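Structure first, commentary second.
We just call them A, B, C, D, E and F in the order they show up, numbering each chain from 1.
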Amino acid sequence: MLSWILVLYVYLTLFVTGGIAVYGVVAKRNIVKKIIALTIFNDAVNTVAIFIGYRLIPRPLPPIMPTIHPNRQIYSAFISSSVDPLPQALVITAIVIGVAVTCFLAFLAIRLYDRFGTTDYQEIKRLVRGGKR
Amino acid sequence: MVPAVDPLLGLVVLVLALGGFTTPLISRLSRNRYAVRTYPLIYCAASLAMASLIMEHVWVAGEPVVYLLGGWRPPVGILYIADGLSALLGVVTSLVMLLIMIYSTGYLEGSGREYTYYSLMLLLEAGMLGCIYTGDVFHLFVMLEVTSLSAYALVAYIRDKREALYASYKYAIYGGLATTIYFLAVLFIYGGVGSLTIGDIHLRMAAYMSRYARPVFLCGLVFTILSFTAFLYKAAVFPLHFWLPDAHPEAPSPVSAALSGLVVNIGVYGIVRFAYTIYHGLPDPGLYSLSLMITGGLGCLSSLVGAVLMASYKDVKRIIASSTIMNIGFMMMGYSTGSPLGIAASTLHLMNHSFAKSLAFLSSGVLIKSAGSRVLERLRGLGRALRYAGIPFAISLLSLAGVPLFNVFVSEYLLAASFIHTGKWVFLCFFMASYIISTIVYLRILYEVCLKTPAAPTTHRSGREWIPVAAMLTALSITCIITGILSGYIISKIIMPASQCLYTNTEYLETVKKYLLNIH
Amino acid sequence: MRRGISRSSLVIVSLALALSLILVYFAAMGGLGGHPSASIVGIGQFIVNNTYNVFNRTYWAGSPEAVTSIIWDYRGFDTIFETTVLFAAVMAALLLVPGGIRGRIQGSGKDEGLTLIVKTASKIISCIVVVLALNLALRGYISPGGGFAGGSSYAIAPLLLIAGLSVFYLVRLGYRLSRAIGLRTLGLVGLVVVSSLPLLYMGYIIQNQAKPGSMFPGYPVFLGPLYLGGSLIYMNVFEFLVVSMEFIIIFIAMFLLDRGCGGSA
Amino acid sequence: MRRYIVLFIFYFIIYLLLSGGTYFTDVFFAAVVAAIASALTAKLLVRNEEKLELRRLYYLLKYFFRYMLVDEIRAHIDVARRVLTGEIRPGIVAVPYYVGSDYAKTLIANSITNTPGTVVVGIDDREKLMYVHWIDVKALDPSTCRMYISRVFEEYAMKIFE
Amino acid sequence: MNTSWFLSLYIPVITCVFIAAITLYMYRILRGPTIPDMVLGIDCMSYDLAVFIALVSLYYDTSFLIIGSLMISLWAFMFDVYISKYYLKKELGD
Amino acid sequence: MIRMLGEIIQQIVFGIGVCLVTIGAVFDLLAALGLVRFPCFYVRMHAATIGVIGGAVVPLIGVSLISLVSDQLGPYRFMFAGISFFTALLIMITAPVGTHILANAAHKLDLSPKEPIIVDKMGEDKR
């Protein structure tokens, strides 16, 4: 029961964070704040991933064998207490991708500020549209 | 080794990535500016050869060919798998990419940063081929990101243009959101089913459904909603189409051709793959019909919105870009009929649209460059002055307008037939309405650009530069006409097997099952 | 006023989306392995069982670190293309920089930088960080870390030097853009070569250990007294090279962009 | 040459600290990494390699233990008392220094800052003054301040780095 | 020497003290009238977290979490330097 | 005989480690109290120094000593001890530099009020 409440609490926190971050990406006017909201969303999703791979036992251990010359006992202790490594690996990949996208967006934001002289998304939109008609 | 294991599947992506990695180095090592232009072409040609060989292997084997990366069997490692549809899309993608790259050598001005263009184009192709051939949901995410990031960057290629920067930002920020949502979907399916391979997900869902019908359904529901959000964004379907009229026209014309002709296909491919391979044939048909419903409903709206947007713009590239929204809507409608005929028609339309749309962008690029503007009035009569671009432009417009003898007509005719056949009268209404609007717009452009007399004398491009441009325009025009004339042959030999294999996913699943590692 | 309404509706929509997701997910949990339980489901357990199974080496990866073995062996192709994404981002960054790849960094940077104490300390710390980063990268297959962790720790060194001293100092040390691009290409080509080498032996792309149905004997896990962990170590070293160089390119490009934009805005 | 050897040993020890050094592999890679890192950074870190002597290492260790066991404890207890009682007389005083090398200055400044009760706020290289925020100003005159704050540190810094 | 029985009693107690300290730091971070106060609080909290991670990994009998404390302490240093750099460069009008 | 001696040494090391961690915890609490109680940023820095040296370096050295003699950590306990000791050293080098540059920036730009203060030699020189 306690663990169930804990799980509920963690998911609730993460999803509310994610929802607020999505709102931030959509509704914030500052282009830098949009990027920050995107990174928050990435992080919330990554935390969900880590949590999916968690193991509800008293002492879960990182998925690393504690020695390179294991015997049967160490091996069976390892497979019975290690958390799921796959979501962690997926998260590492996703983190790198997130870093790449954020880096590109940051460069783009600097360029945008340089060319438009403002960081307001609506203002930039207005300037672009105004140039067209 | 099992004969159906085909290393080309993995190699084609890796080779393209290698080309992308080494292009900057070549541009630094060699002072000759032709080196950096011809070097990527080797990789493009190699990828076309490999994609064709893969298609041939699929034909010969009569079943999907697979490649086990790292030697790991499906649920553990990444699986590359090509059935008829993937093989066809792979060939189309690499062929159009090769033509675009050759065109670019003549079209782009020599500047200090051409190497970024070629490098990113190679990565774009690598990402698209990876998306097409992969059989793994998470690898699809990675490849989607490779494609997207290259696309975002290429949209901003003209970095001093304010509109390009704005369009790239808009495309990238919401694109980043969409792909992250897709990652969330992958996590849910892993948490729920415990597997990442597409075929294995179907098998496991089918197995679990007998015991836990409702949880599996809800898990699939979340997966569908989240992953389709990402794919609909990539395919620019109605509520998520807002980036396209900004992003596609602002890029240089070859990039527009690649984005509009090929990259949007990836979104459609993802939706189709998920709907037909994962959900079709489950004990509970709820997920299948739901995904078809989403696809069909949004496809209808999308086609109409695309047509209306086309009529509202004055900018030629914007009009052509908006017509992509409409055509994607047509494809979605065809795929959502759930009948073999509709799938075949949509697949054919996918292919034809790629050829015609890239031709339209490439030829309009020459005209726009010579006029110095994208507004329709300024292009008046240019098609007559610049014949080598004007005639291909006319061909592409006629083709897109659905005039008989050209390729798009055949697929649109088949689409209408499939709507009638399955009794989807709503689809037919939307289809006819958008078809009529779009045809009027196309013919108006044709009249303005290619039939009127030129307003002012234009400057012809001189030198050897235009030879690859003209050659590629001719090649694509011929492709458009030939695929139109030989449609009967193409449909019976290529399209029907591909769509049959997609519709009844048993072959695909059998192949995956053959390699499945039994883990409990 | 209208904007206010649309904003609040957006809040409601996104919150409703989040809440419905939770509810749906919790409904979906029953009986399936979606929420943390006492055991692992599916592929995870297989990998935990086999990654360093010295008793039955049919499916082993030769690394006690399950995460690294997934990253470079079980799902190695993902990681190669993840590196590609980073590469594409850096190419895009260079594309946006005025002057691009041939931008020159000239100047003394004498009056830049912080106080003398910070200068000295950042020199020492950045030298120590190099060792730390190499340690993380080289031991990636035994303990947490790996190519990306090592490379991004290495990036602390140029960051500190930029903050404490200046970019000019960094360039004088030899962190040049052209050199970084060359080394990055070397790393990327190394990744591709290591992953496609088994093809020559009729093996699979990115194969690490011997597999049924492949003639490739596998990269050596134990080489005399050395423990190498198959192909993982080469992959980690090349990835380290790539990531560290990409970060250096990003920092220098950021500086160029900053200066290029400063005048014209 | 000497600087390469000294830095090699330095990096070798750091690598072994970080990796535990239980396997031969670690020792091997420690040697490789130390060789690479010392080759890369020797010129950056050590300007005058004549100064690298064993005697200075001895003073460094002696200083480390003295500093940790005497100065730190005294200062900690003093400031902890002030936390509880709340009696403070803060001020920024000027403390002169007479060492020349960067490392010596950094050592002195870090020692001063690491001792609770004194923090180096600024350093003036021309006047050879450090501005120290002192929680309990006992004197204003620079040389007296030096007696209170940095005399011991400077003696050792002289021995170690000059 | 097997010390786990003692540590499993000792570490929770000590951890509570550290958590109390972190709470007080948190008060300073949230309250902190000026930005340097907040930075100082974050600094102290980072170093505290480094110790906290070390204790937790001792509690769980695993050597692999400890690398986190190293990273956190480096990060805190970077944080200080960059905040100060930002303000000092702003003063120069750059 | 030697084994017993080893056992005793281990116990002594363990005891020292536990003492250091306890001392560290006490100092950390005092530092946190100081950070809350002291009136201005410059005075709080001194409390923060206690938090860094007494509250982080000392317990990390303690943890490293404890781990050195804990068999249940397995063969990687030397790595554990090494990294925690190295972290302690690193904090000893970096933390004062961080505090110094922060104080420097705060003083140069008047980011926080200096009151109460008796004398400000640096500010006088600036003027």
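Annotations for the structure displayed:
Throughout what follows, a residue touches a chain if its C-beta (ideal position, glycine included) is under 8 Å from a C-beta of that chain, and two chains touch if they have at least 3 such contacts.
Predicted model only: the values in this text are computed from it and were never measured.
The set of chains in contact with subunit E as well as subunit F comprises A, C. Counting steps between touching chains, the shortest path from subunit B to subunit D takes 2.
Interface comparison, A-C against A-E: more C-beta pairs in contact at A-C. With centres defined as mean CA coordinates, subunit C is found 30 Å away from subunit B. Separating the CA-averaged centres of subunit D and subunit E is a span of 22 Å.
Computed from the mean C-alpha positions, the centre of subunit A lies at a distance of 40 Å from the centre of subunit D. Averaging C-alpha coordinates per chain places the centre of subunit C 34 Å away from that of subunit D.
Along subunit E, residues 61-64, 67, 70, 74, 77, 81, 84, 88 each make contact with two or more other chains.
For subunit F, the set of residues touching two or more other chains reads 31, 33, 45, 52, 74-77, 79-80, 83, 86, 90, 93-95, 97, 99-101, 103-104, 108. Among all residues of subunit C, those that touch two or more other chains are 21, 25, 34-35, 41, 43-45, 47, 74-75, 78, 82, 85, 88-89, 92, 96, 114-115, 117-118, 121-122, 124-125, 128, 132, 143-144, 227.
Pairwise, the chains that touch each other are A-B, A-C, A-E, A-F, B-C, C-D, C-E, C-F, D-F, E-F.
Residues 27, 30-31, 33-34, 37-40, 42-43, 45-47, 49-50, 52-54, 75-83, 85-86, 92-93, 95-97, 99-100, 103-104, 107-108, 116-123, 125 of subunit F are the ones that touch subunit D when the two sit in their complex. Remark: subunit D residues 11, 14-15, 18-19, 23-26, 28-29, 33-34, 36-37, 40-41, 44-45, 102-103, 105-106, 109-110, 120, 122-123, 125 touch subunit C in the complex. For subunit F in complex with subunit A, the touching residues are 74-76. By the touch criterion stated above, subunit A contacts subunit B in their complex at residues 18, 22, 25, 31, 34-35, 38, 41-42, 45, 48-49, 52, 86-87, 90, 93-94, 97-98, 100-101, 104-105, 108-109, 111-112, 115-116, 124-125, 127-128, 131-132. Of all residues in subunit B, those touching subunit A in their complex are 138, 141-142, 145, 149, 152-153, 156, 159-160, 162-163, 165-166, 168-169, 172-174, 176-177, 179-180, 183-184, 186-187, 190-191, 315.
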